Amino acid sequence: MSAISLSSATRVVDAAIAKARDIAQPMNIAVVDDGGHLVAFARMDGAIKASIDISIRKARTSILMNAPTSALTAIAQPGAELYGLEQTCGGLVIFGGGIPLTVDGVVVGAIGVSAGSVEQDVKVAEAGVAAL
Amino acid sequence: MSAISLSSATRVVDAAIAKARDIAQPMNIAVVDDGGHLVAFARMDGAIKASIDISIRKARTSILMNAPTSALTAIAQPGAELYGLEQTCGGLVIFGGGIPLTVDGVVVGAIGVSAGSVEQDVKVAEAGVAAL
Amino acid sequence: MSAISLSSATRVVDAAIAKARDIAQPMNIAVVDDGGHLVAFARMDGAIKASIDISIRKARTSILMNAPTSALTAIAQPGAELYGLEQTCGGLVIFGGGIPLTVDGVVVGAIGVSAGSVEQDVKVAEAGVAAL
Amino acid sequence: MSAISLSSATRVVDAAIAKARDIAQPMNIAVVDDGGHLVAFARMDGAIKASIDISIRKARTSILMNAPTSALTAIAQPGAELYGLEQTCGGLVIFGGGIPLTVDGVVVGAIGVSAGSVEQDVKVAEAGVAAL
């Protein structure tokens, strides 16, 4: 089975919510399967609406690029190798907050978190990753 | 307060999941706020992937039309008054499974359910509505 | 492993090409993985260009709906249960020519064939399925 | 005849695959005709999914601009003459890996390669070009 189950995805979302409460930053949290399709999503009260799309897109980007979105920031800057990358695939996100979810080294999905600073988004996403 | 909270949305999703289990039909379940923006989402294991988009779109359609999506089926048929309605707003869904969520007569959001027959989708959506 | 390999996808495409030659109808043939992402594609000389998109979309529709696209034709007609279905998910195809690819009962991808009559498209897609 | 045949396109793809194997970098490889429409495509096992779209888009960009995509990198940077170019035509790719395919000086199509470093993508695309 290479796609994350709803119960695993819910555990990931709940852990991310707990971390977001710890740091007092309401977040949008999305979990997609290994094909980039949404499995679970939660918008915490007060989290900005733009981050609904951004969180889902971060998770999808992590699947499509097989990498955390934070790994894309430097290489997609003006003058860098993949400048313009974010225009492809219907729109990728090239700042942190999306991280692949793996079980025994196999990617089963990805989490995307958005609504805080990028540093906060990454921290909350990592809490989700740790729960799997 | 006219927008549904995450805790209320989660209660709605959980009630819908329980009903979907009762009828042994895995479902995609989405709850949006009074602006049509996603608050909570769950894809049950085995639910078809097309219904991710359809469930979210049903909930959003219910907000945009201020009506259950089942109310749109007849009026959007060839020859009927709103034939072609589904082409608008970036794509509406004109079959049942989307229902507004109200508190004291005020719309606070909507639920969209998809992956079964339309009758099953409506039944599961109604179980979500009843939980609010 | 739940996603089709390139060598298996190529075998499927080649079998479909052979069948298309048999019936003297140039075709567009697409194979996607279990997430609906393209793995292999071939446009035979003389096949119409519209069917590039249609064949890929048929394969993707089969994954999203977990069904052959021919199963959608009747239920998406005016007056039928899922009228308007093709508007969802960024555009589904609701006529025959897309079929899931399974190995030991597990869906590993899908084939989509387009450029002939629907009957021809289905026949060629079935030849692809049989090669797996 | 100004459009590449499937057999020529397949030869191009196969040569690119062979080169990708040489350098041990799984790739997405697309060949389009002189109108920018897909003729042949292969995703090697393990190649990232984002590069499906990127490889096809590189090939299409090469046709639309009548140039290798590597020729666009400098002129589309902030401050340069065509800054913002990648926003046009539904999305162009402005880094290397797309190259026109010519026969006797006439453009018959283009190849697009993606999934490695830009240098690797260009090398593999050049191997495809050399096979024509």
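Letters A, B, C and D mark the chains in the order given here, with residues in each chain numbered from 1 onward.
Definition applied: contacts are C-beta pairs under 8 Å (C-beta built on N, C-alpha and C of every residue); 3 or more make two chains touch, one makes a residue touch a chain.
Being a predicted model, the structure only gives us computed values, none of them experimental.
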(message) Given that chain B and chain C are copies of one sequence and touch, is their interface built from the same residue numbers on both sides (over half shared) or different ones?
(response) different
(message) From the mean C-alpha coordinate of chain A to that of chain B, what's the distance rounded to whole Å?
(response) 25
(request) Take the average of all CA coordinates in chain B, do the same for chain C, and state the distance between these two points in whole angstrom. (result) 29
(request) Would you kindly tell me how far, in whole Å, the mean C-alpha position of chain D lies from that of chain B? (result) 42
(request) Spell out, as numbers or ranges, the residues of chain A touching 2 or more other chains. (result) 35-37
(request) By the touch definition up top, name every chain pair that qualifies. (result) A-B, A-C, A-D, B-C, C-D
(message) List the residues on chain C that touch chain B in their complex, please.
(response) 36, 61, 63-66, 78-79, 81-85, 87-90, 92
(message) Can you tell me which positions in chain D touch chain A when the two form their complex?
(response) 48-50, 53-54, 57, 73, 76-78, 86-87, 91-95, 117-118
(message) Taking the touch rule as given, give the residues of chain C at its contact with chain A in the complex, in rising order.
(response) 1-3, 33-37
(message) Applying the document's contact rule, which stretches of chain A touch chain B when the two form their complex?
(response) 5-6, 10, 35, 37-45, 49, 52
